[in-house]
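Same chain, two partners: chain A is paired with chain B first, then with chain C.
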Partner chain A sequence: MFRSVEKAEALLAIGIKSSLAYRLDYLFFFCFRIIFALLMLFVWSAIYFASNTQSIAGISQQQMYAYYFLVGVMFSIMTISPSDQLQSDIRSGGVAIAFTRPINYAFQLFFYSLSVDLLYMIISIPLLVITAFFVALKLSLATLVLLAIEMAIGYALSSLISFMIGSLAVYLTETGGIMVVTWNIALLLAGGIMPLSLFPPLVSHVLLLLPFQMFIYTPVSTLLGTMTSAEAAKEIAVGSVWAIILFAVASLMWYRIRKSITSAGG
Partner chain B sequence: MVWLLYSAIAVINSFIAITIIYNVSAGISGWSYYQMLLLAASTNIVMGVSAIFASNGGWAIITKMRSGGIDPYLVRPYTTLAVMLSNFGDVEQLSAVAGGLIMFAYAALNLRISLASFLIFAVLFSLGLSVFVMFTMMITIVVYYIFKSGHFLFELNDIISNAGRYPLKVYPLLGQVVFSLLLPIGIASYYPSAAMLSEASPVGVAEVAIVSVLLFWISHRLFYSLMKKYTSGGG
Partner chain C sequence: MAAVIEVSGISKSFKAYDVVGKGFLSSFRRKYYSKKALNNVSFSVGEGELIALLGRNGSGKSTLIKILTGILFPDKGEVSVLGFDPWNERIKLAEHIGVVLGAHGQLFWDLPPLDAFEFMRKIYHVPRKAYERRLNTFLDALEIRGIYKRQVRTLSLGEQMKCNFVASVLHGPQIVFLDEATIGVDLISKAMLTKTIMEMNKSENVTFVLTTHIVEDIAMAKRILILNRGSLVFDDRKEKLEGLFGDRVRIDLQMTTDVPREYARYGRILEKGHNYVRLEVSKKTLKKPSFIKLLSSKNVMDYRVSEIGLTNILMKLYSSMREKRGKGGGGHV
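Up next, the complex of A and B:
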């Protein structure tokens, strides 16, 4: 077990060093998350003003502003790194070489991807702090524990989905398009465009049973306090079940793909 | 095929977002549901047409410039602008344009728009669209010179697209200036739509038209002056 931890640390360190070559990307990520949140702040100000109300679908104006800033924070959970890396390795033949190494390929892929995404998560922390300060978020220990669990499950789910799409590179010439389409749809279903509670009740209920709600809506609602601990626990259970299902599917896919991988050479 | 779906998703997302907003609230003051749909559709059409000429906001151009792969295109017996417009686009963005047109038609059928208003819209929209495409080409070159990377353009494209779906008046003055003159989605989408829906005065229409021509000229000049300084990326 200790050797696995050492390997994970080494992979994280390599990935972080490699990612820091593109520092500007992280700065852009941070700045544009703020700009997007500000745009939505102005839009919803106009909506609340026109509606002459303090609350829309149970969400106050301040909570709605905070929602979009926190969407920017949670955006870092939605990873495409496993898909990108896996596709690249399959197309270049690097995956065959990876099998010869004394590190499980999936383990290597996960921690390398985590290193890339960890920087996005770290750069999102100031955004969380700024939002917490201006909106006076009540960050109790229980809230933080729930948040940590939700983010972990959300990241695991997005990694698994990204991995499964990347695996399709064995059969398809290009999976980037599928990844982008999936993530754009996921952004809507995760509450990245607007809170899931604004959708019609039946639609909202269905969306809360899908895995995507763990990416954005559930963690943000936990932070805002618009979701009770009991509801959060229920969503965590739903997310956990999806994680088990997707892990099983991803494992089966990878087992079959390992048998059929033909290296592109090089 | 997948990219066809991708470009249609932006249209679907904006339709769903606006529908939900008007389901749960009174929307935006002075703008009905169908007017908002029409504005969002105009923006989607603008973004789609722009992407047909400069894929992903210019990402393909920057990638070629970084590797020197653009050099063979620059020696062709055509203007630099013509070469770039014709070689680095994404035809699959036609689905975004098609989706935008469908949404536009759906909204327009539920609004009483006179022929005169629509003609004013058509003129201003055509001018604005030209401005936006020229702006896209210009900003691509500017970003290349400053950052040597296209990632900035992805995010910028997203911001412009999101901002353009709502009336400019919801933003503060600075935002209105930015999205009218610096990132001219307002010129391309909002002002033509507003002119059509609110029966703009001839003076107002002329002002927008003149600003459109000016912005086109500025973008055009800046594009060529920067391209004159281009040195090959090698390869």
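Up next, the complex of A and C:
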């Protein structure tokens, strides 16, 4: 157990150090999140103005603005790092080097990706401060515990999906296009384009049963206080079941793909 | 000598493809085929041995190394390395071996080698004092003290290779696999690496399996294995390989006139100019009175006899294997 912790710590440390070599890139990603929130802010300003109302489906204008800044925070959960890294390792033959180390490859990939994403999460903190200008955030201990669990499950789910897409590189070599398509669909289904409560009731109900709600809608609603603890607990249960299913599918895929890996060299 | 590597009848095939036709549409037309990388290969390696695995490009050397280290699995056959099944016990085996795979490194492109060394220390759980003692030994032996804190991307290929070697052996492995580990390394650095490898082999009884095309590297090995199109065609002491063509010598002759045709009767003409000829003859020929008379003739200005070096032996060997294959032979030595 101690040995695994030491290996995880080593992977996190080297990943963070490597990522910091591209710190300017993180600044641009932060700008993207601000720009995305501002774009949505303009769109919803127009919608509220045109409909001449202060509330749409029970969401006030201030809450809506806050929602999109928090979406920017939750982008960090929707990771593409495992897919990026796995595809790069398969294409460059780096997977062979990873296999020479006394660490399970999936373990290496997860902690290395986490190190990259941790930095994205850290640069999201100013967005939380901006959000606090619009609405009073529910930051009780119970909310923070719920939020931590939701974010952890959301991150595990998106890592598993990203891992499964990346592992297709064994057959397809390039999976960037699939990842972009999946990420954009996931963004819609996660409530990144608009809150899930604005969809027709039946669609909204179905979307809350899918894994994507754990990426954005559930944690943001928990922070805004628009989702009760009981509702959040139900979504956590749904997310956990999906995590078990996706873990089983990813393991099965990896078992088959591991045999097909043939890195360069003759 | 206890065997640390045992390979029994392993084979491995890859699916590969050739593009069909030319131009833009060739990207969409592929002809798939199965390429046999290894074909029923068997051998064993004793503890503390230093062996060189040779063969032309695409002969299956890297595939064999990858199977021995658990990166690839064989289609059939059995492999045991230090008593472990490399495929099913990869992580346990990895604790005891070091692997250098050519240009791919254990180093991190954006960080200095020092960070990679620290990373390896942690994942192999090397005690701090032992790590520092070992690191200092390598820093001096390979003269990398001045560069190991610089970003890897700013290092020369040779410097990267030396640091890569250190990262792969810092944990004190029992077996080290070196796949083209001296690419881009200058002569002096190569000598340093050779000395370090020999020292580790002698003082720590580390087993080395190296694949290379460089003759100086082969000189380290006491035993040579040669792969040809996936089949093991030679497995013996280096002296035996040298002895394969040991009865042949080369003669460079400088004449005052045109080279007479009769030289061709005594051996193979390798090169011929207006008044110059390079011959390959048997050592017995050198003792023939008629040949001695020919060499003593007035029109011979100068001549030099030289042994056939390892480079030429391998060239001849690879050529003869190609010829045998062309004639439908198996290419065995």
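Throughout what follows, the second predicted complex is superposed on the first by the 262 of 266 C-alpha atoms of A that agree within 3 Å, B and C clash if a C-alpha of one lies under 4 Å from a C-alpha of the other, contacts with A are read in each partner's own complex, and residues count from 1 in each chain.
One rule holds for everything that comes next: contacts are C-beta pairs under 8 Å (C-beta built on N, C-alpha and C of every residue); 3 or more make two chains touch, one makes a residue touch a chain.
In this text the structure is predicted, and so the values were computed from the model without any measurement.
Once the complexes are laid over each other on chain A, chain B and chain C both fit without any clash. In the superposed model, the angle subtended at the C-alpha centre of chain A by the C-alpha centres of chain B and chain C comes to 90 degrees, rounded to the nearest 10.
By the touch criterion defined above, A:A57 lies against chain B but remains apart from chain C after alignment on the C-alpha atoms of chain A.
Within the superposed three-chain model, A:A46 lies in touch with chain B and out of touch with chain C [touch as defined at top]. By the touch criterion stated above, A:K259 is placed in contact with chain C alone, chain B being left untouched.
Of the two partner chains placed around the shared chain by superposition, neither chain B nor chain C is touched by A:P201. The superposed three-chain arrangement places the nearest Cα atoms of chain B and chain C 13 Å from each other.
Shared interface residues of chain A, touching chain B in one complex and chain C in the other, are 22.
Residues 3, 6-7, 9-11, 13-14, 17-18, 21-22, 92-94, 96-97, 99-104, 259, 261-263, 265-266 of chain A are the ones that touch chain C when the two sit in their complex.
Those residues of chain A that touch chain B in the complex are listed here as 22, 24-25, 28-29, 32, 35-36, 39-40, 42-43, 45-53, 56-57, 177-178, 180-181, 184-185, 187-188, 193-194, 198-200.
Within the complex formed with chain A, the residues of chain B that make contact are 2-3, 5-6, 9-10, 13, 16-17, 20-21, 23-29, 147, 149, 151-152, 155-156, 158-159, 162-163, 166, 169-172, 175.
The touching residues of chain C, when paired with chain A in their complex, are 14, 37, 57-63, 66, 69-73, 90-92, 94-95, 97, 99, 101-102, 104-106, 108-111, 115-116, 118-119, 122-125, 168, 179.
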